[in-house]
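Structures for review follow.
Next, two complexes with subunit A in common: one pairs it with subunit B, the other with subunit C.
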Partner chain A sequence: MENLTIQATKYTPEINLDTFGMISLTGKSYPENTFDFYEPMMQWVREYFASSPADETVVNMEIIYFNSSSSKLFFDFFDLLDEVKENHRISINWIYDEENESAEEAGEDFIEDFENLDIKLVVK
Partner chain B sequence: MTVHENKLVSEIESLKAEFIKTTEKLIKDVKRQDKIMARSDKRQQQEYDELQVKFAEVETLQKEIEETQKEVVFTMGAIGESRSKETGLHVKRVAEYSKILALSYGLDEKEAEMLKQASPMHDIGKVAIPDSILNKPEPFNPQDREIMDTHAQLGFDMLKMSNRPLLKMAATVAHEHHEKYNGNGYPQGLKGEEIHIYGRITALADVFDALGSDRVYKKAWNDEKIFKMFKEERGEHFDPKLIDIFFENLDKFLAVRDRMKDI
Partner chain C sequence: MDINEIQNIVEDDGIIFLTYGGFLSQSLIASMTEALEKEAESNDLKMSISNNIFTIFIELSQNMMNYSKSKDINDNSIKPEGLIIVSRDNNGNYFIDSRNIISREDKDKIEPKLIEIDSLDLDGIKKRYKELRRSGKNTHGKGGGIGFYEIAKRCDKIEYDFKEINENKFYFHIKTFLLEKKEQL
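For the complex of A and B:
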């Protein structure tokens, strides 16, 4: 299985998917078609956990601005992680700037909804 | 008697479990969706508020810039005026006449207003004319006249480097306000519509006001004499269309002259 990198654009984040156990999203997220845009990432993540993932997988999400369909997609993404967490060690860092109140609140929502996932709020 | 458990029951039991699982998931999804919407609404409101604040700031700055430009242009006009023999409210009246002509000629309100602001700078080049010539009490000799006439080019040279629309317009006005429709003006000897409309307008406004005002070296002309000269110079010194506009709107010009009399 190969690593996957998607470069950032004006409306979409940089995505780095590494087989040694790192999933990272950095930037803004308001794609024209959110679900199409994230499909390659979701596909990769499904395959990654289905094949031979690293002992521990670290997810770093630093999304400074996102639309509501991205928010929905992140819930779906966490659902996916929630389904595989029994067999894998996954730690998630929700990274945000101190002044970015809405990013902080979104992180808190994810923690509340996914109490079985290890999500940490990380102030930059 | 033993009643065998109906297979249907276990099937229904399993369907029931599936149903509960699915409805729970649906409920969870709906709640999640609501949460996303609520969060999104809240964020939109915040962003809208922030944008309004930013817009107000931009507007204030824009106004500040425009006011500064106006002030700079007006001050430069006043400097030019202080160096010329034309006194009092001359440049202000020229500004008003220019706007009336511009609007009637068909320029839009914004451009006409800009011309009103730029036209007072038509004589800015006079700041570079020596006092000995500028303040000469007796009539100019040909050499004096030659030097005096350089003020149009000098004014243009002072302003031409600017990229500001208002100053660019002022540069054109300074450069071309002594051109004549028949090609006998200066400094370039441009003819007809080769002369920019800003130049043609300011030329008429400037002359109308100069003729109607007392000067150290001459008395004001009466209206009859001015109108006769304008009719003669229609298509010669002045753009014929502008002369027509002038006579069609005569009451407006006279109202401005009355309102802004030199005391």
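For the complex of A and C:
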């Protein structure tokens, strides 16, 4: 399996998917067709966990702001992680600027929704 | 709409951050969001406020872009265009205002959501947002159906209005208020 990198645009984050066990999203997220945009990432993540993932997978998400369909997509992404967590060690860092209250709240909501996932709030 | 009417939208001697009327595209929305970021920066806006402004602006403008796509091919009479205004008054309150034409089908989808939002307090809106996000699992609709709840979470008040043009078309006007927080007193 190969690594996958997607460069940031004005309205989509930089995405780095590394078979050594690193999934990272950094930037803003408000694509026109959110589910189409993230499909290659979702596909990669599904294949990664189905093949031979690293002993531990670290997910770093640093999303400054995002539209509602991205919020839905991130929910689906966490749901995917939730489904494979029994057999894999996954730690998720939800990273935000101290002043970014809405990002902090979004992270808290995901922690509540996925209490069996290891999601940590990380202030930059 | 003439320029006087645009000026009337901004109360007192408020400042217009951004106003746009016409055809919308994703790249235009991204450029306007970038312009708003610059305005926010030069006005030393707190990130907690500015991110809410950006998100509401994006939701409303992407909605306008998408209303035109949700109809059947035979009726191409609704274009992805409208008017959107971001402004501030002298008291430090921010407003994001959008006006466009929608189909009856879209009105029938939007109106119950806005009525429900109106009946809820902020905690109720947040709870409903999470419920809808969870229940919408694997439904890959355009916005996942939570856009107005996202907006409601991030502002203090929403006013809206539908005016019938004919049996299939309506003017849709929505104004969101981000009020200067009293907690700073």
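As a convention for this text, the second predicted complex is superposed on the first by the 124 of 124 C-alpha atoms of A that agree within 3 Å, B and C clash if a C-alpha of one lies under 4 Å from a C-alpha of the other, contacts with A are read in each partner's own complex, and residues count from 1 in each chain.
One rule holds for everything that comes next: a contact is a pair of C-beta atoms (placed from the backbone, for glycine too) under 8 Å apart; a residue touches a chain by one contact, two chains touch by 3 or more.
If you're wondering where the values come from, they're calculated on a predicted model, not measured in any experiment.
After superposition onto subunit A, the modelled positions of subunit B and subunit C overlap sterically. By the touch criterion defined above, A:Trp94 reaches neither subunit B nor subunit C. Of the two partner chains placed around the shared chain by superposition, neither subunit B nor subunit C is touched by A:Phe77. The partner of subunit A that touches more of its residues, comparing subunit B with subunit C, is C.
In the superposition on chain A, A:Trp44 makes contact with neither subunit B nor subunit C. When both complexes are overlaid on chain A, the residue A:Ser102 reaches subunit B and subunit C alike. Across the two superposed structures, the residue set of subunit A contacted by subunit B and also by subunit C is 67-68, 71-72, 75, 102, 109, 113. Taken together, the subunit C residues at the contact with subunit A in this complex read 26-27, 29-31, 33-34, 46-48, 51-52, 54-55, 58-59, 62, 65, 126, 130, 133-134, 136-138, 140, 142-144, 146-147, 149-150, 154. Those residues of subunit A whose C-beta lies close enough to touch subunit C in the complex are 9-11, 30-33, 35, 64-69, 71-72, 75-76, 79, 97, 99-103, 109, 112-113. By the touch criterion stated above, subunit B contacts subunit A in their complex at residues 32-33, 35-37, 39-40, 42-43, 46. Interface residues of subunit A, counted against subunit B in their complex, comprise 67-68, 71-72, 75, 102, 105-106, 109, 113.
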